[in-house]
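Several structures are given next for inspection.
Next come two complexes built around chain A: one with chain B, the other with chain C.
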Partner chain A sequence: MKKWSAIFAPALVALATTAPSSAYAAECEEIVLGSAISLTGKYATNGVHAKNGYEFAIKKIKENGGIKVDGKCYNFNVIYYDDESKGDRGATLAERLISQDKVQYMLGPYSSGLTKAIAPVTERYKIPMVEAEGASRSLFNKGYKYLFAVLSTSEQYLASAVTLAEEMAKKDGKDAGDIKVAIAVENDPFSLDIRAGVLEDAGRVGMNVVIDEKLPRDLSDMSAILTKVKLLKPDLLVVSGHSKGAATAVRQIKEQNIKVPMIALTHCEAADVTGNFGDAADGILCSTQWAETLSYWDPVFGTAANYEQEFKSAYPEYKEKKVPYQTAQASAAVMVFMSAFERAGTLDKDAVREAISATDMTTFYGRIKFSDAGNNIAKPMVLRQIQNGEYNVVAPSAFASHGLDWPRK
Partner chain B sequence: MDQILGNIDLLIQFPIVNLKIIIDGVMIGALFALAAYGLALVWGVMNVKNLAQGDFVIAGGYVAWWMTQKGIHPLLGVPAAFIIMWGIGWVIYKLVISRVIERDLFTSLLATFGLAIMMAQILNLMFGSDTQSIDLGYDTLHFADGLIDVPISKLIGVCMALSLAAGVIIFMKRSRMGQAIRATAQDARAARVLGIDTEKVYAFTFSLNSAICGAAGAIIVMAWVIQPFYGITYSIRAFVIVTAAGLGNLPGVIAAGLGIGAAEQYGSHIFGIGYQQAIAVLLLLLVLVVRLLIQRRKRQVLQ
Partner chain C sequence: MTRFMPVIHVLLLTLVITAPFLLPDYRSSLSALWILIIVALTWDLTGGQMGYNSLGNIFFYGTGMYVAAIITIGIAYDVGEYTDAAGGGIFAFTPTQYFMGFGFGLIGAGLFCAACAIIIGSVTFSLRGPYFAIGTLGVAIAAGELVSNWEWVGGGQGISMPNYPGEQERLFTYYSFATVGVVLYIFLRWLYTTRFAAAMNAIRDDEEKAEAMGIHTLRYKLVAWAIAAFFVGIVGAIEAFQALHFEPLETAYQTINLGIFMVVCVLLGGKGTLWGPIIGAIMFHVFKEITWNYFLGWQWVALGALIVVTVVYFQDGLMGWLMSKKPEWFGIRVETRDTSTAEAAE
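So, the complex of A and B:
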């Protein structure tokens, strides 16, 4: 870590000294944000996605004339430290950002686990943290006052599939009570959140849960569950088990010729189900926080599609792939800070916290409005259906670009 | 509890499902048996209990997967994995195993345990932690109203596993090297006295084990999925099978392999798929208890 800061500190100094020469920054002062983020270790890929999202938003805000606080103009500058994807490291670095670097506002780390490690620290120092990468709902039942998340919590990941199944059944003249649901999720906190969300929504409309099983951590064969699916004929099959769950499900659904009208998964993109299994993935619903085809808009980035385009030209390494939603939501977190500073009209920490808490804004990433617990309650999860190898948004219907193919063939 | 009863009820309502469960179990069991046979070989010949057995399987899977990415036909991945894993096995033998053969049990257990961790992490660094699998694009055969389905890729995989097993058996019975291996297993010192280069035999045996595992892994990646940290599943099964069947009892290893495959499928159908591995471990426990009881009654030296 010493080595890291040794490299980093001069870089920051260099940044600070060159900044005034740019036309935008000349008349603007600086607001310093801090973030411990995973630049190495197991979360490095997504940590870098998130950091790029922060940096891109900061650059765009600068180009747009900065942040107007009480008639004065500011720009963001972020101090990053590498948490090495480790929780204890993250907590130490948060302490350091707050007590040594005197950071007053924090951007979140990557993953629920790291956020869970850092939140107690920011809470103790009463430092507002807007995070974009921790979805576990256990973050929002601890009574934290200074933690805000722009993304949808994990129990919502597949809950919209339940709503969709209900809509389709109604269209077919069936009652919600006739709908049979099969659930297979891994036995880890994230997937169990998803299961809880599906069970809650299915229970509310009186659906009948016929299969409810936990997948093992080292899953490579789920034919036992799929055989039961064949016998019990559910109308909705929900599978969540990270990328192995998605890969195993898609592979064996095809092999066993499973005909379920609606199948919803998580982690389709991570498992690259379209690339690995081709046609077999067609008709499957995949959940995502954000998609570039959504019709959201804001004055800084324009539409979601515009965000994607401009981000790709700023970061050419993303040219060949889709811009991950981790990047988009990181940018959205910066937007929240911008809006909160402008609305607060002061740099006072507590006033800014109040302003963040009162946020109700539309961004290219979706609407953002926080509950008392700090999670975003205004943005729905997006469901995309794989149609001819393409991910097309089919729900929520207000933002859908394509119709739902139902029942799945 | 209701769910368990419901699941048993399903088995009674649809008796054909029993057949499907057994077919599924036997297919994966054939691969467990392959890994277990390699383990029995190394265990019997050099008295090294290879805890990295499953990681050799997964490494073989990644070799085949990587070759396919490079444009080689997936079916050729199996012989390719056999050959490449032979080489890797030889290198590992020279680097690690040859140094721990003469040592006590714990040294070799520790060494192979370390090897298992190293291999999983290296695979993770090289290929990433995502699940991989090869789609051969073959059809699936359906019987009994579609309740029984046999993917052709699995069928090919199982046939390959069987022919590999047959090949190894014939090799062990007929060839000079096979004889030397069996002689060394019976009494290494006597074999040395009679002019067998046991060091060479050890290196050969370990490489052969690694190659068998590699081929098993290449078959697994065609019909199921692999991930760098899946090795332990195959290690556990291999240990259960060898413990149940005993060393040097080849028909026993095969029968136990197929049996454990079927038992697991039954277990995961009745108790839920989350308990699949628990079934294997439970069986190991039962086997050990039963063996202990038998051994108490009949004192004997290890054959």
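So, the complex of A and C:
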């Protein structure tokens, strides 16, 4: 008997404590969203960042009194599946969410590759999907009507870095044609679009691309490419390979003692390169979709800085590092759904799709307005440089808080 | 047993036609089953009937996918522009373009893969036993790597197919797979009664003797592999339309998944029989659906265990086991009396 009470007592306490909150929640009904997201595999780090972003937004919306649709109150609930960072698995799971779990609205997966695999499925069933983590432009030329992305497309990530490289060269008395560019990217839709953007920008001003290589599939070793960098001495080195690629780049640039005046990466915050590699990350340029220092605001989260603070207290594991933009934009995707439901005033799928398409809102993450193709055309990218372990905005000039340290030591 | 065959066939055909309506929620799973059946049957054509265990048949599957995609997209647009990472205009497809792409894509994929089989086979068929298996596996792996660096078809981004212009996409793909499967079954049923099959079996049993008997073995091997490649290519092409998006390494040239599964199906069901691969594919599919849905995290362990148990205890598969237990079911007469006198007379 004693044994039993030992088990039951905590259970009863738990029941008693959850009872009032569930009674409160019962006032609001549930809107079910679905998402296949990478919780294991090579995109696991960012998959978890994105999931946390979704969950944090859902929690905040609940605390704010839920979503008001036609006088009734709703809260979001998300069914997640782990896509193992594999496209075909993602597509299968999207199929399962829609046909077996009867999900009517989807949140996006992590990465352009997974989004590419899932978008045709949501399109097949005419399920609106708001995604926050697929930036490749090749997603937005297939005529998809049910795909909406809150983030800026890939080619904008490092455009400012190319401009800065040009400015610095001019200052140094060099011609744009003398600038040597090295590119090393993952062989996936996102990074290939980063590469396409850099090639376009570099080509426009006549820069000389001396290295154009792909990172190996598992992104864990780029020493061969860096040896080439050492020999050819480029003025700008661009590396893009999600979090794992960023971590590998910073680690091996230090190990091989690579000196390049300007190094630009994607996914620095998500890989926590300052926390993991300390000084080795100094001077590196990092593109970001969002920075907590920007002056955006919305009624649910307040300012960008406020979002960062509250997120850190809700998820203490982020205390020592930057809140990655992957998290912020995931929260923004949930905000788009909230706003669309409220504006549609109904749960009818097609009406909600129309409302999403007509979105024009300001959030803590920036302004969100979709083009006909579904990408967000109202938000700029910013470029930060790691200076003494701090991420400081250096471009574009409208947002820059610090000057550029150049050349990188 | 043979008396009932027409009845059984009619029943089976009815089942094939009505299955998507009997199990409407499992249409995509049934399509996946057809893929397994077709790749297992074609694998057995060389592996079981001819003794050439190819691990590279997945090459034809992936190549079929890409050929179908290139033809479909090529009919309407410039493939390089369509797959460009930098995006560009909107690429929409009309129903006519879709179905033209589907028709030509399937035929093109089948013929192209058959041609590939003849070209690759003329090199790899000089290898035997495990060397042939590894050689063909190498071809499939190399092809995946090459395609993943071939920008014109999208490289590592993969390639997106147009969406089906209509509502009944699942039925459309199911019946496409089923048609190929039924045609293949009828074809193999006929083929296995011909001299061609006898020659294939002779190659399996003793290639030197077969050659000594005047069989032009290389020609037989090439034709057999080309037939297999033709059907696998078509199945890959249909899968390209059903998958909507695929990438080279994990979906198209998926050597460690489907490339191995097809062999496991045949081993489970029984090599060198017509029904073995089919039964094996069904057993494997059910096993896979159960483990992948209910024992997630352990699915690869379970699969490994299945392979080990099959290879160690049921080397001849289910059909082989049945044949030794119930030979009369297969029309094999077992004489129980008079054998001693017959032997003595000899």
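In this text, the second predicted complex is superposed on the first by the 238 of 409 C-alpha atoms of A that agree within 3 Å, B and C clash if a C-alpha of one lies under 4 Å from a C-alpha of the other, contacts with A are read in each partner's own complex, and residues count from 1 in each chain.
Convention: contacts are C-beta pairs under 8 Å (C-beta built on N, C-alpha and C of every residue); 3 or more make two chains touch, one makes a residue touch a chain.
In this text, all values refer to a predicted model and were calculated from it rather than measured experimentally.
Q: Once chain A of both complexes is superposed, is A:Glu255 in touch with chain B (first), chain C (second), both, or neither?
A: Only chain B is touched by A:Glu255; chain C is not.
Q: Can A:Ala270 be said to touch chain B (first), chain C (second), both, or neither?
A: First partner only.
Q: Could you say whether A:Ser223 touches chain B, chain C, both of them, or neither, answering first, second, both or neither?
A: Touch partner of A:Ser223: chain B, not chain C.
Q: After the superposition on A, what does A:Asp88 contact: first (chain B), second (chain C), both or neither?
A: second
Q: Touching A:Arg137 in the superposition: chain B (first), chain C (second), both, neither?
A: Only chain C is touched by A:Arg137; chain B is not.
Q: Name the contact category of A:Lys214: first (chain B only), second (chain C only), both, or neither.
A: both
Q: Which partner chains sit in contact with A:Ala398 here, chain B, chain C, both or neither? Use first/second/both/neither.
A: neither
Q: Across the two complexes, what residues of chain A are contacted by chain B and by chain C?
A: Chain A residues touching both partners: 187, 214.
Q: If you look only at chain B, which of its residues touch chain A in the complex?
A: Going through chain B, the ones touching chain A are 3, 7, 10, 13-14, 17, 20-21, 24, 28, 129-133, 135, 137, 140, 142, 146-147, 149, 151, 154, 220, 224-227, 229-230, 232-233, 265, 268-269, 272-274, 276-277.
Q: Could you pull out which chain C residues touch chain A in their complex?
A: Interface residues on chain C, with respect to chain A: 25, 28, 83-92, 148-149, 154-158, 160-161, 163-164, 169, 243-247, 249-251.
Q: For chain A, which residues are in contact with chain C within the complex?
A: Residues in contact with chain C: 86-88, 91, 95, 99-100, 113, 116-117, 119-121, 123-124, 136-143, 153, 155, 186-189, 192-193, 195-197, 200, 214, 217, 373.
Q: Under the stated contact criterion, what part of chain A meets chain B in this complex?
A: Interface residues on chain A, with respect to chain B: 42, 184, 187, 212-216, 218-225, 227-228, 230-232, 243-244, 246-248, 251, 254-257, 270-272, 276-278, 280.
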